[in-house]
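Heads up, there are several structures right after this.
Shared between the two complexes below is chain A, which has chain B as its partner in the first and chain C in the second.
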Partner chain A sequence: MSTHLVEVIITSKAGVRDPEGETIHKHLILKKGYSAITSVRTGKYLLMTVNTNSAEEALKIVKEACEKLRIYNPIVHDIEVRLRA
Partner chain B sequence: MPLTQEEVEEIRKILGREPTVEELAMFEAQWSEHCSYKSSRLLLKLLPTEGMHVVVGPGRDAPAVRLFKDFAIVFKIESHNHPSAVDPYDGAATGIGGIVRDILTLGAKPVALLDMLYMGEPWDPHANWLIRGIVKGISDYGNRIGVPTVAGDTWFDYAFNTQPLVNVACVGIVPLNRLVLGSIRPGDYIIIMGNATGRDGLLGSSFASKPLAEDTDKEIGAVQVGDPLTEKLLIDALQILVSRRLVKYIKDLGGGGLTTAISETCADHGLGAAIELEKLHIRQKLTPLELLVSESQERMLVVVEPVKLSEVEEILRNYDVMYSVIGRFTEDGVIKVFCNGVKVAEVPAKELARPRAVRRVSHPPAEALKGLKPLYSLPPEPSYEEALTKLLSSPNIASKRWIYEQYDHEVGVRTVVKPGLGDAAVLRLLDGSSRGFAIKGDANPRYTSIDPFNGAANSVAECFRNLVAVGAKPIAIVDELNAGNPEKPEHFWYFEMMLKGLAWMAEELRLPVVGGKVSFYNEDHRGRQVKPTTTIVGVGRVKDVSRAVTMDLKESDSVIAVVGVTYPELGGSEYLYKVFGLEEGEIPRPRPASELRNAKLILKAVELGLVNAVHDISVGGFAVALAEMAILGNLGVEVDLDLVHARGVMRLDELLFSETQARYVVEVKSNRVEEFKRLAQRMGVRISLAGRVLDKPVLILLKGSKTILSADLGLLRDSYNSLEKAIEGGA
Partner chain C sequence: MPKIAIVKFPGTNCDEDVKHVLVNVVGLEAEIVWYKEFSVNKWDAIILPGGFSYGDWLRAGAIAARTQAVDELVEARDRGVPVLGICNGFQILVEAGLLPGALLYNDVGRFVCKWIRTVVERPRGPWLALVRDGQVLDMPVAHAEGRYYVDEETYISTLLKSPVLKYLQGFNPNGSIHNVAGVGSEDGVVFGLMPHPERASEELLVPRGFSPGGRVIFESIAHSLKRGW
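What follows is the complex of A and B.
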């Protein structure tokens, strides 16, 4: 058994709007002159500490939990599950 | 739903040539069931829509009724059933956004939201996820635009496990002389304000006009994300534009997008329009077709006369609201759409806006017989205490605290009677007077699925009673008919019967149906319809909000009176379902004459200050109504069932749990009992002075000298407050 840190990043799919990101971009970033930044997308970040025998198993368990517990909506969201570097 | 071959043929005839792809898309959007009401329009004519209070009836985005001589109330209901099944959070949130914009179109200030949610069983994992998402979506959107969610209705039922019904309503108030009712002239400008148009929600109305696909993953284009920040800017900017009388006409860009907004506006005014699509502000590069039918949220159309254009533009810029002036109205009744100088569509507005109505085939299924079945051989009666506990903990009856505590129900400081305490919400106008209004939404999916005609009539009656119970005079209703697939005769029959029941009861109770919505195709991917449901939202006038009445018991030694007569009517009751697992039998009869008579007594008694508390009897029957009043007031009661007027009752459970209509439980002030009795006598209303309020926390039911139930109020309260556990601990 060893401890693994697994990161979960949930964002809206590419075609889906992100009013929060748009607001941050338009009303904060552009207003303060950072015109090099051309867009902002927001999302949700989860860091899970997982006790398993292998890193693969840790990823699998986290993926399953996110799916089964509906931590994200597969119809609207993209999910990225990865080990913390 | 794509156009049928006959419809394409008809379009050719209208245009006298082959339609362009843009024109076809416009027709597809506008002729969808969602926008055109083609299957329902003929039957909707049955509804009584006129009345002395009606200022604007059906036809506009929202109706207006006169609340007081100088104030109008604008209210409307909307469904977001299909989007909420796919993406509960955003689906429900955008439903709120849409209904708020409908209210804005008459120049009213939105002051209250209602949510009528018919969802799956909390212990079903998928349904549980939908429930949480829907409630959170409504909560976040409503809270962020600063409009309180003050009332609603909730039902949990296996029939809604995959396809919930999310009906939302908004109420706005406006001084009568500020209503935006201007007439449009040729040459007036068409401005689109609010969000930039994008690819989101492409042909969403067509999506709502067909059954859910098994693989909803592919419906990504129909997913919309709510943008409450922009909505709030729309609300604020429109308030200014309206108060300075700068706009003649306002319309929401909802289902059907730009196409619907322009075609309906033109058709209603006998005008045409010339549109330059390239002027529309956009979020991404779109084809003319996409620009015409995109259903991007938080957009509105406003009409401005030329001399006021610059002033309007200045205000919109100041409010940081994006806008574009996309064209002008014309005299010829034809909508011409150009993109960079190239004409992409030329369509007569009237023919586009109003497709030929269809009279659908209608046929009762064999299943409809269960509503005609008299109940005469029920299983033996259970323990009354056990039955009462079961009912109080049923999600359909239990306190909806878990839901309304997620909502801000006080923002705006108008809310007088808050969720959970009264049969309806009561709000003050906040104009310096003590005037106000009451509002409530109601439905009973079980009734309408067993007996759609009488079930729909009972929804109207329950809404009527709820308003009366807080001391409000009901003045108008709006309706939402949630039905199955109109192309299936056995689904359409339910719609037809619900509509007829609604029309009949509204007429009998003298409640004009000033607006409403129809939602079809509420079926799962196997083609089973959900329980067809008639949702009614009603408003009532409150002359003095300080006299509004809640349902919690207030004073020991006061007297418990039952208003109305109880019949053995257990068919379709929550008791029959929870205790015996049965969903059948004759549902309670609608009793319009008794409703009117009994309501008059309640309103008079409230006015004279004879009562401490009033609660209408509905789901769960008399025993549940009584228990709710005791639990909320934290005072015990003792009632002798022998004293409760009933006819033909053979068993005690019929007396305790029948959901007979036109009844109320009233707490009469101990020193006003004689007055109350005389008043009832004079009005010819049957009342039963059957018990009294105790100063110890216990609910006691007697039959003469025999105690048939004695329950600790604390235990009953635990059952009543169990919804949170059902949802949080459910999945």
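What follows is the complex of A and C.
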């Protein structure tokens, strides 16, 4: 058994407006001249500490919890589950 | 005498207001029930009032939606027991999948508290029994996560067949798609809305230029239950 750090990143789907991201982009980033940055999307970040035998198992458990407990809302969100580097 | 349960979660704060209107304005019996003590079979109708259940953490309504109390609402719906969700209660019903769509952060990026004007389309079921199609209802909103979202396919296949409450042109406070302020199940037994009908049920609380549009919702449930819904 070992400890794994698993990251969960929740962002709005393409097509679902993100007013916070739009404001950061338009009123801060573009205003200060960083025109190479073409969009900003905000989201929610969860870091989970998981005790399992393998990293694959840790990812599987976190993915299952995110689906079953609706940690993200599939109607409006995309989710990324990955091991912390 | 029909009895209505007002389910209280940690952070719910509109329970007393709803009880006041049910008891003192439309003459029903109502009780505030702590979510852990709630059981569906004792009640003739169920209301999830507004507030900030679980501090709006994760997403408004997301944590309350996974409690045993809300699991039991599925049973209530299947048995035809009327369920109403107001504001955070609506968010809980949507998160629980009892009503379609999702409620996102307001497009203005902040909490909005103001009186708005809505119109009812396809009134149906116990909560809208006394409402005419196209009737205008004035009520206040008070929320940060009230931007209704639903994909176009679901809008056409589900919402256009269900009772829907819409913000009138110029009154959409949060960027809701198709101006949706509230939505019901197809038969209207389950209904949810972002505006607060309990704050719009008495003349005394209504600002100039508006009328108490929430009252008819409570009068409707009183009417429906007394006729044996």
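In this section, the second predicted complex is superposed on the first by the 85 of 85 C-alpha atoms of A that agree within 3 Å, B and C clash if a C-alpha of one lies under 4 Å from a C-alpha of the other, contacts with A are read in each partner's own complex, and residues count from 1 in each chain.
Just so we're on the same page, contacts are C-beta pairs under 8 Å (C-beta built on N, C-alpha and C of every residue); 3 or more make two chains touch, one makes a residue touch a chain.
For clarity, every value in this text was computed on a predicted model and none was experimentally measured.
Undergrad: Look at A:28 in the shared chain and tell me whether it touches chain B only, chain C only, both, or neither; answer first, second, both or neither.
TA: In the superposed model, A:28 contacts neither chain B nor chain C.
Undergrad: Who does A:16 touch here: chain B (first), chain C (second), both, or neither?
TA: Once the two structures are laid over each other on A, A:16 reaches both partners.
Undergrad: Look at A:37 in the shared chain and tell me whether it touches chain B only, chain C only, both, or neither; answer first, second, both or neither.
TA: A:37 contacts neither chain B nor chain C.
Undergrad: Considering only touches as defined above, state whether A:70 meets chain B (first), chain C (second), both or neither.
TA: It touches chain B and chain C both.
Undergrad: Show which residues of chain A both chain B and chain C reach, each in its own complex.
TA: Chain A residues touching both partners: 12, 16-17, 19, 23, 69-70, 73, 75-76.
Undergrad: Can you check the complex and tell me which residues of chain A touch chain C?
TA: 12, 16-17, 19-20, 23, 44, 69-71, 73, 75-76
Undergrad: Where on chain B does chain A make contact in their complex?
TA: 86-90, 129, 133, 198-200, 216-217, 219-221, 223-230, 283, 731
Undergrad: Residues of chain A touching chain B in their complex?
TA: Touching chain B: residues 12-13, 15-19, 22-23, 69-70, 73-76 of chain A.
Undergrad: In their complex, what parts of chain C are in touch with chain A?
TA: 58-59, 62, 65-66, 95, 101-102, 104-109, 149-151, 175
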